[in-house]
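In order of appearance the chains are A, B, C, D, E and F, and numbering begins at 1 in each one.
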Amino acid sequence: MNLGMLSVLSDISMIRKGGLILLLLMGSLLATQSSFADESAAEGAKTEEAVPAVVEAEPEVVEEVTLISVNESVGTVVSEVGLLWTCIAAFLVFFMQAGFALVEAGFTRSKNAVNIIMKNLMDFSIGSISFWLVGFGLMFGATTTGFFGTTDFFVSGLDADGNPDNWTYAFLIFQTVFAATAATIVSGAMAERTKFVSYLIYTVAITVIVYPIAGSWSWGNLYHGSDVHAGGWLGNMGFIDFAGSTVVHSVGGWAALAGAIVIGARKGKFNKDGSVTPIMGHSMPLAALGVFILWLGWFGFNPGSTTSLDGGNFARVAVTTNLSAVGGCVAALITGWVMFGKPDVSLALNGVLAGLVSITAPCYNVSPCSSLCIGLIGGVICVLSVVMFDKLKIDDPVGAISVHGVCGAWGTLSAGLFAQEIFGGTNGLFFGGGTAQLVTQVIGIVAYFVWAFGVSLVIFLGIKYTIGLRVSEEEELRGLDITEHGMHAYPYLQHVESN
Amino acid sequence: MNLGMLSVLSDISMIRKGGLILLLLMGSLLATQSSFADESAAEGAKTEEAVPAVVEAEPEVVEEVTLISVNESVGTVVSEVGLLWTCIAAFLVFFMQAGFALVEAGFTRSKNAVNIIMKNLMDFSIGSISFWLVGFGLMFGATTTGFFGTTDFFVSGLDADGNPDNWTYAFLIFQTVFAATAATIVSGAMAERTKFVSYLIYTVAITVIVYPIAGSWSWGNLYHGSDVHAGGWLGNMGFIDFAGSTVVHSVGGWAALAGAIVIGARKGKFNKDGSVTPIMGHSMPLAALGVFILWLGWFGFNPGSTTSLDGGNFARVAVTTNLSAVGGCVAALITGWVMFGKPDVSLALNGVLAGLVSITAPCYNVSPCSSLCIGLIGGVICVLSVVMFDKLKIDDPVGAISVHGVCGAWGTLSAGLFAQEIFGGTNGLFFGGGTAQLVTQVIGIVAYFVWAFGVSLVIFLGIKYTIGLRVSEEEELRGLDITEHGMHAYPYLQHVESN
Amino acid sequence: MNLGMLSVLSDISMIRKGGLILLLLMGSLLATQSSFADESAAEGAKTEEAVPAVVEAEPEVVEEVTLISVNESVGTVVSEVGLLWTCIAAFLVFFMQAGFALVEAGFTRSKNAVNIIMKNLMDFSIGSISFWLVGFGLMFGATTTGFFGTTDFFVSGLDADGNPDNWTYAFLIFQTVFAATAATIVSGAMAERTKFVSYLIYTVAITVIVYPIAGSWSWGNLYHGSDVHAGGWLGNMGFIDFAGSTVVHSVGGWAALAGAIVIGARKGKFNKDGSVTPIMGHSMPLAALGVFILWLGWFGFNPGSTTSLDGGNFARVAVTTNLSAVGGCVAALITGWVMFGKPDVSLALNGVLAGLVSITAPCYNVSPCSSLCIGLIGGVICVLSVVMFDKLKIDDPVGAISVHGVCGAWGTLSAGLFAQEIFGGTNGLFFGGGTAQLVTQVIGIVAYFVWAFGVSLVIFLGIKYTIGLRVSEEEELRGLDITEHGMHAYPYLQHVESN
Amino acid sequence: MKKIEAIIRHFKLEDVKAALVAASIEGMTVAEVRGFGRQKGHKETYRGAEYVVDFMPKVKLEIVLSDAVADKAIQVIQEAARTGNIGDGKIFVSNIDEVIRIRTGESGEEAI
Amino acid sequence: MKKIEAIIRHFKLEDVKAALVAASIEGMTVAEVRGFGRQKGHKETYRGAEYVVDFMPKVKLEIVLSDAVADKAIQVIQEAARTGNIGDGKIFVSNIDEVIRIRTGESGEEAI
Amino acid sequence: MKKIEAIIRHFKLEDVKAALVAASIEGMTVAEVRGFGRQKGHKETYRGAEYVVDFMPKVKLEIVLSDAVADKAIQVIQEAARTGNIGDGKIFVSNIDEVIRIRTGESGEEAI
């Protein structure tokens, strides 16, 4: 077959380019792999059976069944089921990428829908690679300082004896999808005006530097034991952020804030007389579907952060997560209704996300009733915050800064208020625990704001003054889809988008 | 940051309203929580370790490994995995909300798409809260009569000793998403003409009264043991409804029927000459995606209703569920094709749901072959029923009454025909079990119809003659999106919806 | 109620047709079931308790707890959790149907969107039934030749003693969704011009003949033990195709190739001057959502192919699957960018799928680093292949042949290059294993091409010269939605589709 | 020959069509338009910011007919499209020099 | 100057455009419309209920040109748009008093 | 009375409307169209195949007004819609015989 094809193809220069890429890839590959080959030859003695196939699994029949061996089997089951749950949760969190893509596409104009979807797709793709290469090591590698790790780059998942260690793989996939979540938040706040290339560069930066270092402060010791890991400095202080209200969402949100400030508002959003011209999204059904998908994903995000059977505590976390989400939804609906006279769909959808982000930190440590309260307050805060950023002339098309940044901070704070010892931590202010935990929470919130906002500001300014951050005015008018990607989201439809 | 913000905001009265909501929330919260604090202080002695973090889980190392202790560990694993499965199933069922939203939005006009999505979003949100507050207790609380429970309101999930009980949380989240399913069925049948506020009120009613009481009759004893629970009166009779063909779907369907009758048909649907003007949905792709999502969710709904590992019986239930779904699809397609001359997409999609609803009751008790038959018949019934309700001038835009009400009844009946002892129950009529089970099934079907239809009729009439159930004619013409929510689903698109 | 209804209905002849279908179904059913009844009566002695209900599961309390009994309990847990994982993976794979439907609908014109969705819906539905009836037996039934099985048609799931065997059910649902995947690939390549009825016929053929026989060669012995199963001839040679790059995807892809060749290009795609007029899809957001859903489903497809806890190896498979997907995405983006000057969204989306298909064969046997390389190369190959098929004037609207056929072959080959013994197989060429494995892989690739392409060619030619394969020119112009289904995908929208 | 252009409300299209057909006027072309006029659009808020929807969706009918039936048609349209509220729309009448039926090549009044 | 309005079938647009360009007519404006005429719409059923689709999707071309080339253009369009089946559409010709090119302010025939 | 038809760029619609309102012209009807002219479309590739987008999205404004204000309106539109680049669009002026307001039945200049 190849011959026929090749003759057809050979005269075409663009094909040559494609072929070149292939050859380059193949070449660099061979170089890399041959080193592997040596490595693997050295340990060629091992002769496990090649049964990747379907086998009705049974605990390996050890020579003799002893009490100890059975007890160990039970331990093995528990840890393998833990791996399973971690992986399933990771798959759900992965699916949040689709949710983000739809929410952001739905809340922006159709002339930029391809672009925003591409950004979501590429930040996950690039982020997965760069987090595997570098980010994971910075976040979870061994450290004596507690500020960032210095080992475990380019994760192979082989243990000291060269055997694959499945816990590492499960943990890697779980942490990868978390990193991608932090990265993808930024795209929404900078939608409809950011250069594609510049966005990709920032994506690398956040998954390589901003998020992993931030993450190591609280969660750095989740992978290595205390023999090689000093513990993250905030984690060591007792900072509570179970699934990442701050570590993931606020970090993404503050980076988004930096981006939105540096890039400026979309043309036509803020008028000279101080009034705001709303720029509506092009598809509420897509946005709503996106929110439902995110909600589903969050059942992996929060309950899955047990990353083990953990006595079934994921069930409690599922309940607190859901009650906060519905609380956020109801509160945002009512707040919008009271303030603006109509039950606004976009605010209700933001409210769900506000509730989810808020409960992400305290989900493990609070009661169902508290979680409903946290969500309700998160929903109100979110609406006020959306209005506030409009007043401040910071243009955030999808409300990402309010939802992830501001509500992330609220959620983190709320852990200091509502935490209860009976769920496995300390008591917060409202439960007789005093202000100790609250102070720790505030320190964490501030530290993360300073880091994420500061570093992102520097990076965005750097991009702005080198390759440029923003598309030209004409590109913005015509839409990024056709100017950056040569394609419309709906090639056969006319969307009446006057601005 | 706060200072700057506040000065910007302070002169704006609507913001004040938002702030007020926040303050009110905070206030009532403090009041509530302080009582908690006392409670929690009292039990402050407990000092479990605060490790909400990721730990490679192992069965707790008891002081001495004995045969008994290992055996108990095994029991613990089994029950924790059961919790895990229950939660995962609950997440899938949760996702059905997205499916309902899309099916209903796709099958109605774009001028009402925001409204129908909002209804689905809010019935889940409000329903989650009201079921947690009241519904759960009515359905599963202790009872001596078997008609409704009287304890377990405002579920805290703490056991008698004040320790969190994860089974309660898993069960709560699972039952919450079931309750929301019953609630959300109604929105489809009443789409495109129901006032938003009135719908919200009904949502509270169904999740607080209609569904929980109905549920307690069959499933009331799933939570409490027989020491405090007399068993639901229908459950005690041996009524088979494994996952809720009747308890969830028919109840929702009959409530929808009551609603559709009370509110009347959409303007333009039925003509004076007795003919029917079809009012097409605006997006078949959205509707189809919704059906696929519902189908996925049903793999949580039915197999997940084992709510435990249960010897792996969820696998059999998955097979029967799928075969009935595809049977319903094929039968509805063919029936539509024969009757109307074309393979109708909307009927095929309804057919899938018909098959799924039909198998929901008998899924645990019938063979693969029987399940295919049940689905095939369900698919035919669904098409006939859709046509029939049109003849009866009952306007059901999405076919909810046929799919959930009528096929729910068929499915419940079919358990009396096809059930087989080898799957763990009695034999139905076709398998030599006589009519005993069939009679019980009929009693159940009738009882639920009388309850759900009767009470809902009263509630809808009550709403109609107080605050009103239906929007004005002009609002209906312009669409509920812009009149109720001030927003279009696709702000930049012109949809040619002449009626 | 029935009486009133019936009188309304009775005078309508089309209703009679519907009723007739119902009666026929009922009749044939009674005939079938009565034979069951005898069967079941014969074994009526069994009296298991009817507790399909929710019970906090515990290992059955055997009379005496012995070391052996506890050890067996552990074995039971492990195998039941394996069933659970298999089922959950099957549900994810099921959801891929929605992904395929959206990708294909998004990448084609709106005038054919209903049709393509119907094809996806019906191939799953019909395929589920025909695979259960016939395909499963051909693929997994007992055999002495290794070319196809001859038992286990019409799967009942009862073991030799007439008891339900849950492993059979789990395996059946898992294999059913795999078969449906192979079937559904074809619809994309033949989109926008294939007669609905002819497509349905082919669907039966692929799920009854093409796929099951192909599958039995590699995977035939996954169900029965070696006492009655000789092993598939390719499986016996040591052919590596863990989750089906070739067995599922290439088989589907080569069938699609045969179909695309036999049916010819869409009107207007290829011009007399040799140039290509691109026919754009109508909705990039739907296509992108479809890709995300497929990606999610692939986490069931690959990791789930362990079909057991398998020491947690699914976690490694999840990592390799994801790295290859992102590799494919990045490589396709860059290749398209270099070749055509813009980052093309449709190529990036195809790239994800290319990466996923590529890693499907070797996912269990390669390292994370290798999987990234496999994905990168897959992404480049996919773009080149898309361009090549255009040059060859083979019209594949969604790129199915390139993604599934070509990248499936590449992935299968790559197992011979990158496999590593430490993951449980042999070493591939790059890891010092020599060319042995590679040769086996090539034999497999060729054998499957010959079979799938050859048989499909015969079938498609058979259909073409009997009932016809392609719609009329006018039907193609007006679109298959209105001509085949009497319905538009978006009834109220005007899509400007000039060709 | 005359061309009648009528801007009417969406939901009146079916009524107007039926009335025209009843008056034996059996050809017309319809387009979606947005109208700006005395019928002031409503104020809406989106995420807390106010905006005015001042272009209202309308339908535009174009009918070419012989001079003889023009007055009849105008009257029919006006009656069928009227609700009495602001925003009912306008009818514009202008002159057409020539009409050709593409299928047959007929021209003039025969072609209508 | 003349204005030619042609109602044609969707799939003829590319052919008509090409024919016009070949005849050196290089400006036109196109709109989506729905047409009602002799080409009776088809009956369809949706969920068992019948309905008639009597508005058929069509494309409307508007071309303003000098009197000199009008006849040529009409002929070109008629030929390119014809299939011979009912529903091929109509061509309407009317008078235009003035044309202005917004960019330059040119007017009259220069501005076309 | 006159009818002004102006083909303009999408993003100029708001400006033109504002300018017209400022000039006390408070009625107009707007439609989505696609224009073909000197502004040659751009070449794009989709999945490796090239194509030319030669129909550009434009907005068409129709304004009926009394002869007296027509010139003023033309000038206002021309100024507000101009960017100076190819593709700014055209203004066509023609004659209208009669105008009727559907709501009231008024006709002539009163009805505008």
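Quick notes on this structure:
Just so we're on the same page, contacts are C-beta pairs under 8 Å (C-beta built on N, C-alpha and C of every residue); 3 or more make two chains touch, one makes a residue touch a chain.
These figures come from a predicted structure and were not determined experimentally.
Any chain bridging subunit A and subunit F, meaning touching each of them, is among C, D; the list is complete. Of all chains in the assembly, those touching subunit B and also subunit E are C, D.
Contact tally for B-D versus A-D: the pair with more C-beta pairs in contact is A-D. Residue numbering at the subunit D/subunit E interface overlaps only partly, since under half of the positions present are found in both copies. Subunit B is reached from subunit A by a rotation of 120°, derived from superposing Cα atoms (nearest 5). Residue-number overlap of contact pairs with A-F passes half for only one option from C-F, B-E or B-D: B-D. For this pair, subunit D with subunit F, the centres built from the Cα atoms lie 18 Å apart. Computed from the mean C-alpha positions, the centre of subunit A lies at a distance of 52 Å from the centre of subunit E.
For this pair, subunit C with subunit E, the centres built from the Cα atoms lie 47 Å apart.
Those residues of subunit E in touch with two or more other chains are numbered 31-32, 34, 44-46, 48, 94-95.
Annotation for subunit C: residues touching 2 or more other chains are 14, 67, 70, 74, 77, 79, 81, 88, 167, 280, 283, 289, 339-342, 344, 346, 383, 387, 486-487, 493-494, 496-497.
Applying the touch criterion to all chain pairs gives A-B, A-C, A-D, A-F, B-C, B-D, B-E, C-E, C-F, D-E, D-F, E-F.
Contacts from subunit C toward subunit F in the complex involve residues 275-278, 280, 336, 339-342, 344, 346-347, 383, 386-387, 390, 399, 496. Subunit D meets subunit F in the complex at residues 2, 6-8, 31-38, 54-55, 58, 60, 74, 77-78, 81-95.
Residues 67-68, 70-71, 74-75, 77-79, 81-82, 85, 88, 92, 109-110, 167, 171, 219, 222, 238, 240, 242, 280-285, 288-289, 291-293, 295-296, 299-300, 303, 305-316, 318-319, 322-323, 325-327, 329-331, 333-335, 338-346, 348-349, 352, 364-365, 367-370, 372-373, 376-377, 380-381, 383-384, 387-388, 391-392, 418, 420-427, 430-432, 493, 495-497 of subunit B are the ones that touch subunit C when the two sit in their complex. The touching residues of subunit D, counted against subunit B in their complex, run 10-11, 13-14, 32, 34, 42, 44-46, 48, 57.
Taken together, the subunit B residues at the contact with subunit A in this complex read 4-5, 8-9, 12, 14-15, 17-19, 21-22, 25-26, 29-30, 32-34, 36-38, 40-41, 43-44, 46-59, 65-67, 70, 73-74, 77, 79-81, 83-84, 86-88, 90-91, 94-95, 97-98, 101-102, 105, 113-114, 117-118, 121-122, 124-126, 128-129, 132, 154-158, 162-164, 166-167, 169-170, 172-173, 176, 196, 283, 286, 289, 484-494.
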